[in-house]
Every structure is written in structure tokens, then in C-alpha cells.
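Here's a structure for you.
Read from first to last, the chains carry the letters A, B, C and D; within each, the first residue is number 1.
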Amino acid sequence: MIKKTVADVSTALKGVEDGMTIMLGGFGLCGIPENAISELVRLGVKDLTCISNNAGVDDFGLGLLLQKRQINKMISSYVGENEEFERQMLSGELEVELTPQGTLAEKCRAAQAGFPAFYTPAGYGTEVSMGKETREFNGKMYVLEEAFKADFSLVKAWKGDEAGNLIFKGTARNFNPSMCGAAKITVAEVEELVPAGELDPNEIHIPGIFVSRIFQGKDYEKRIEQRTVRKRN
Amino acid sequence: MIKKTVADVSTALKGVEDGMTIMLGGFGLCGIPENAISELVRLGVKDLTCISNNAGVDDFGLGLLLQKRQINKMISSYVGENEEFERQMLSGELEVELTPQGTLAEKCRAAQAGFPAFYTPAGYGTEVSMGKETREFNGKMYVLEEAFKADFSLVKAWKGDEAGNLIFKGTARNFNPSMCGAAKITVAEVEELVPAGELDPNEIHIPGIFVSRIFQGKDYEKRIEQRTVRKRN
Amino acid sequence: MLDKNGIAKRIAKEVKDGYYVNLGIGIPTLVANFVRDDISVEFQSENGVLGMGPFPFEGEEDADIINAGKQTITTLPGASFFDSALSFGMIRGQHVDLTILGAMEVAENGDIANWKIPGKMVKGMGGAMDLVASAENIIVAMMHTNRAGESKLLKRCTLPLTGVQCVKKIVTNLAVLEVTPEGFKLLERAPGVSVEDIKQATEGSLIVEGNIPEMQL
Amino acid sequence: MLDKNGIAKRIAKEVKDGYYVNLGIGIPTLVANFVRDDISVEFQSENGVLGMGPFPFEGEEDADIINAGKQTITTLPGASFFDSALSFGMIRGQHVDLTILGAMEVAENGDIANWKIPGKMVKGMGGAMDLVASAENIIVAMMHTNRAGESKLLKRCTLPLTGVQCVKKIVTNLAVLEVTPEGFKLLERAPGVSVEDIKQATEGSLIVEGNIPEMQL
């Protein structure tokens, strides 16, 4: 068994530098690598390009990095919950590349799985396809999209073992699995880190081969963006 | 919950006709849809194009269909364990399209996920790429491969529920998940069929949306091709 | 004239037995409340869940179980969780039978715009571009006119497009319309709304053939 | 001169700490028996398992747990099962560090042929084409000559290719060779084998620089 455990978030993020491209898992605030984001804030690295479906909220998630102006460019599909983001974007301080959500997921998966590019129908005929190759297959038009290239991938899982195997919970799974192994170095933080052999090999969502470093996360806030409930009868 | 259960294998294979293209899960004899194959033999449908990583052995798996000359064309990556197969192929009775294993898997997954085609490095510079588009990305050459088109996909899972959700066991998983939803109709046979709600939504390998019909399989032989063991000390 | 719930109620009638349905944010989300009890339907949310149930009871919210609108949800028996790549495989692979989403503008050729107002509002397309480019069956749920009273059913969209020639049907506060090669074909009027009212509120070509029935809700 | 186990033993020395390794059928499978105990290595099999262990004890075989050679196997702590698409994602995405496979022919430019003898034997390429087209680090394990005594290290392959310019290193019963732009560079001699023996058995350009050491096994 190849051991991937590191002592803490600082060790896990060793090598992160100004100007790097970083993938971050999560959908909204669900399943985001909270510990790694805090460490990026602490490190103060800047001029980052961040690939993440959303941009957090003003005071949590990637919003924390936006506040400190650590992000130069965001590649996301939806950024509607963040006023500071909108301000920086409309003022031109922040470069934003909006990408259809399924395309974003597949650009990660392509990087993980060694596909240089793929054809998707999403965005055909829209400004998203401007400057990109388009092509017809079986009477339908597709856009050629390229795999992402990133330095670090920061993901969050529910359980993980020493070998780097990961299991996600509920919809906190989202982009995390496809980002594993999609960057030069993949760092996974988990709510529960267990010895190798404790996870059922059949139930593993992402094999450890896609994970470079894994650490036991702490103090998860798991903030809820839209607390919707119903009354008991 | 949308119910996918059908009474038996006959109902499950309703609509299979001569000349159809059929995907079958399994690697060697591991994880093959034994019940569905028996039913194809019973139905006597012929001129089939079968997409399956292997072709079974002489007297089991797809070998049963070869014996009865029901298969016109095989699309496989490795066919080395079947003498009748080799005879039919070398004599020209059987058309064979050999496809690299990873390409075979991805041609299924592309069909499942709505990708018309993809670029893979496998087979570049070999006869597999003859007549196909090749292209350079980042200094490396790739071959354009198209998604499969099939009428039926026959898969085997370990556990399944009424909603068509599937869980596979061990390496019996192999091609089965990627073939789900990759044909017009997907038929899943399972060793254990349970009511909806009994499988943990977090542990499902293939959501029921990719499965058209599911039935409780029976009399699994699960033949072992290479029984390799070690002595106890 | 319908309110948002009325639009949702009318659209719910388009949901058939055995459908997997993706509901966008806003009015589409309300559709789930009006689907008949005697048919089997599963709701997909593109962030990675199939088989969504109602909102959780107070105190039972789980931050790890949300829909694409970031709302806390529950799941029903038969539900499953999956990653974003597989989720969009469902969508792109046309396994989802019906997509219902909102729009800022729809053109008479089926073009739709709903993600950007240049220089003003750029929230992003989220999964909408994948959904509209992939789905066979797309229904738009929206008000017939914007706050300034201008038609949202146009000859051509003026805003950046989300997808081209993809909308099949539109349900507004005034009418049900089908997108045809000739333009918006009026199918039904909302209660108390005249064909003339609809003509006034529609900038794109409106096709009115024969007697236009009032919606049955 | 080495036997099959000798070749496997020599190749095992190429396996480094922290490597994920894919072993082909035949001699490569034997490599696992000779990897040092004090390093961490995981074996991947392309049919969908990572963390393979030894064969099962008699009576503990599980038809659902096999390797790509269809042999019954066991798994070690930290193992995982996955589907074929993900498995080849590992391979294509270069997450597997080392691929060891057999060959019928290798050319001096690194081309390899191992899947077909036209009109005679066509077993198929299995995962070999994906492996050789993807892996950064490919070692071929084979006999230096075929049964007819003809060299398998050629100027150009005569059989249908499996991959082009991909083989990095070759370990045969006679020698260890590196594929370089100039041809096969002789690195080591098998015990009791002379440089002249290797020259005789090699059809492709053989580069011999300085003193060629004997293998340490």
C-alpha cells in the first residue's frame, strides 16, 4: 500500500505558489475543501487562477480568497451568490471565464483520464463557443473543449484511508471526484481518516492512485446557503 | 420512484430481433449476464453484432451464441480463449472488429453520456487507426473514436433495486457500468433484487435512470477461467 | 392571468408517468408541488442527485444534501447520489426526459437567453447550457413580459444566448405556446386572458389557428 | 542466460518505492513475486482492481475477483475496485507509473508488436494498445529470440504494431537494453552471456559503449 497521509493542511499544501492554477471541489458551499481554503488565505498566495463551479459567498468559501484579492482569474459556471465577486468582475479587477457546468465537470474528468479534448453540444451557437472549433456529428453540432491544466487540485471527501481512497457523502460529492488526479498534485481533506483496509474496496468512489496527499480535516463549518425546511404536521 | 422491475428474462429481452447490435458486460466470464445470454440462445435470434470485451469460452458465455452461429460480428478487445471463435474468424464466417480495451470502454461511456466521439492515444500508428482521423494535441498524437450505437445493453450486477439502481461486486463490475444507458434499451440482471430504499443512495454505482428493465437473475454458474491458488503454509 | 404557482401548475400537466425531470431555479422548482400523485416521476438535480423529495423537516437539514438551487432537500426511496460528470452524462446522454427552466427571452426559432445581461448582471449559465443543448424536451416557464412591460417572446433574442433552436414549449402567465418552424403557435389562453391580450404581449410571430381554448388547471 | 523467473527478477529491480504498476500476462505477472518487501508498490489490473495481492488460498477463490489474465486473485488493505472506463482513465491519464508487458517484436525506435500474426493468430490487443500509447515508462519482458532462433529486437517490426516509439527499456534472457534515438543501447549482460552473444541475437542497431556489466540479481 502506498501511503498518502500527511500530518496537516500546511504539509498538504506545500508547493502552492503565486500564479498557480488551482482546482477546488464543491457545489456552492457544499463539499468545499474548507481547510485547504483557509490555508490558502493564511499562506497569502496570490495571482491564482481558480477552477471551481462557484465562487463561494462573500465571507465563506472562495469568497475568503476574493476578499484578500488572491484570485486573478476564476473559471466557474455560476457566480451568482457573491457580491464582492460581481463587483470585482464588473470593474475588471477579476478575470472570469464562465463555462457550462457539464463542460466544467468534463474538462476536469478529461484531465484526470488523459483525454486532451472532447466534443460537447453545450454552448454551441452561444458566446461560449466563440473562437472554438465546432463540428457536426450525426446531424448535431458540437463544440471542441480542452482538458484543464492545473497545478493543484483541492478536494474534500467524507471518509478516506491512508492509501488515499475516498468516499464522498450525498451531494457533497459533486465536482470532487472528477478533480482527483486532474492536476499535478491532488490534495484531499477528509472528515474521517481511517487505516487502509477499513473501507470496503467495493464502496470506494475514488481510488487512491488519483490522490497525492490526504489529511484529516478539522473544524468543518459546512455552512448552508439556502436553509429550506417544511413544518411538521 | 420509477419502477423498472420485470418478471423474468423473457420479458426483459422483449424486442430483441435478428440483426440487432447488442452490448454485453463482463470481462472474460466475470460479470457476464448469464441469464440474458441463455435467453438469446433460447430465442435463436441471429445476425447479431455483439459488443463485448471478450467472446467467452467455447462452451460458456458468448461462446454459446457462437456455437449456434447467432453472431455475425464481434467487437471485442481480446478473443484469445475461444477456439471456435478463432476458427470462425480465420475462416471469415465471423466478422471481428478488434478494439483497444480502453477505447472499447470509452466508446460505451461516450454513448451513455452523449459524447459523439473522443480522442484517445490508443492505437495511433497501428492498423486500428487506419481510416480514422488522427490529430495532435500538445505534441502527442490521438485517434478520433466514435461512440457506439446499440439496440440493447445486457448487464449483470450484484445488487439492484426496483428503481433500477445497481451495485456491482469486485472485478465483476468491469464494462457493465459504462454499458448502462449506452444502448436504446438497457437490461440489468442482478443476483439480489431489493425494494427501493434498501440500497444506500451513496453506494449506488449506476443510478436507475440508465437502466430500462431489471430482473432477478437465477442459477448463476460464475465459472472461473483460471483458477489460481496458493497452498496454505 | 396566472401567478407563478399557476404557471407551475399548468406545466405539471406536461409531466408524464415515468419521466425523469430536471427543474431549474425559480418557477420550475414549484412544478414538483403540482405533479399528480398517481404517476411515477423522479426529479434530477444536476449537482448530483436523482430521486429528490420534499424539503426536510426543521432540524433535519443536512448541509451535504442540497439541490442545484443550494436548498436543503431530502431524498425518496430509490434515490441515488453521483458526481457532476455522471450527472451531466445523464443530461447530455438524453436520459433526462424533460427539462423545465426559466428564461429572460425566448425567440420564435426556439433560441433562449437566460444567463447574462452584458455590463449589468452576469451570474453565469450554471448547467443551463448543457441542459438546453442536450434535452429533447424543453419547457420554458416565465412571465410573458418583463417588468418594463416588454415582451419576452421575441423575433430574435437580444441578450447573449444560452442555446439555439432548443425550446419546444413555453408556459407563461398568459398562455401556453409551442415553438414551430413558423413561430410561436398559441395553444391555450390563461383564464381571463384574450387572444388579443396575448398578441399584444408577443413580439415574435404568433400563430393563432382556430379557437384557442382556455387552460384547464 | 536467464529463465523467465530471472527476467522477472531483474525487472523487479526497476520497480521503485511508491510506484503503481500494471503487469501484463506471462513473464510480467511473475515480477510481483520479486519486488522488494521494504518498498511500497501497488499493482493495478486493467479489468478494474488496484492493490492486488497474491493468489487466494485453495477454497477461497472468488469468481468475482480476478485479474486481467482471468486468474483468481486477492486484494490487500487499501485496494479498490472500479469500472473499465475509470481503469483506463488511470492508464491514459498516466497515473500508473510503470507498465511491464511482453512482446513478439520490438524495433530500435521503440515500436512494439504483440497482438497479431496475420492469418495465423489474432488474440487481440486487450489493453495493450492503451497501455503502450499512454504510459511514460514501459518495460518489455521477453525472450531475445523466437523459437526459430530469430531476433525479436529488430530494425523495424514486421508484425502489425501495438504502439509506436513507446518502449523505453527491454529485459530479455540475454540482456537489459535501453531504447535510444540511436538504437538499442546495451546496459547489462545476463550472467554468462557475452556482448558477442547479444550482438548475434540482435537484428536492430546495438550500441555498445565501454564495459558492459553483468546483471546483479
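One rule holds for everything that comes next: a contact is a pair of C-beta atoms (placed from the backbone, for glycine too) under 8 Å apart; a residue touches a chain by one contact, two chains touch by 3 or more.
Keep in mind that what you see is a predicted model, and the values were worked out from it rather than measured.
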item	value
Chain of greatest Cα-centre distance to subunit A	D
Whole-Å gap separating subunit A and subunit D, where each centre is the average of the chain's CA atoms	36
Geometric centre distance via CA averages, subunit D-subunit B, whole Å	28
Of all residues in subunit A, the ones touching two or more other chains	109, 114-115, 120-121, 168-170, 201-202
Subunit D residues counted as touching two or more neighbouring chains	49, 81-82, 85, 88, 91-92, 134
Contacting chain pairs - touch in the sense defined above	A-B, A-C, A-D, B-C, B-D
Residues of subunit D that touch subunit B when the two form their complex	45-49, 54-73, 81-85, 87-88, 91-92, 111, 115-116, 119, 122-130, 133-134, 160-165
Partner subunit A, residues of subunit D touching it in the complex	18-20, 40-42, 44, 49-51, 75-82, 85-86, 88-96, 134
Touch list for subunit A against partner subunit D, complex	1-3, 109, 111-115, 161-163, 165, 181, 195-197, 201-202, 204, 207-210
Residues of subunit A that touch subunit B when the two form their complex	114-121, 137-138, 140, 142, 146, 167-170, 201-203
Residue ranges of subunit A in contact with subunit C within the complex	27-31, 53, 76-81, 86, 89-90, 96, 98, 100-106, 108-109, 120-128, 158, 168-178, 205, 222-232
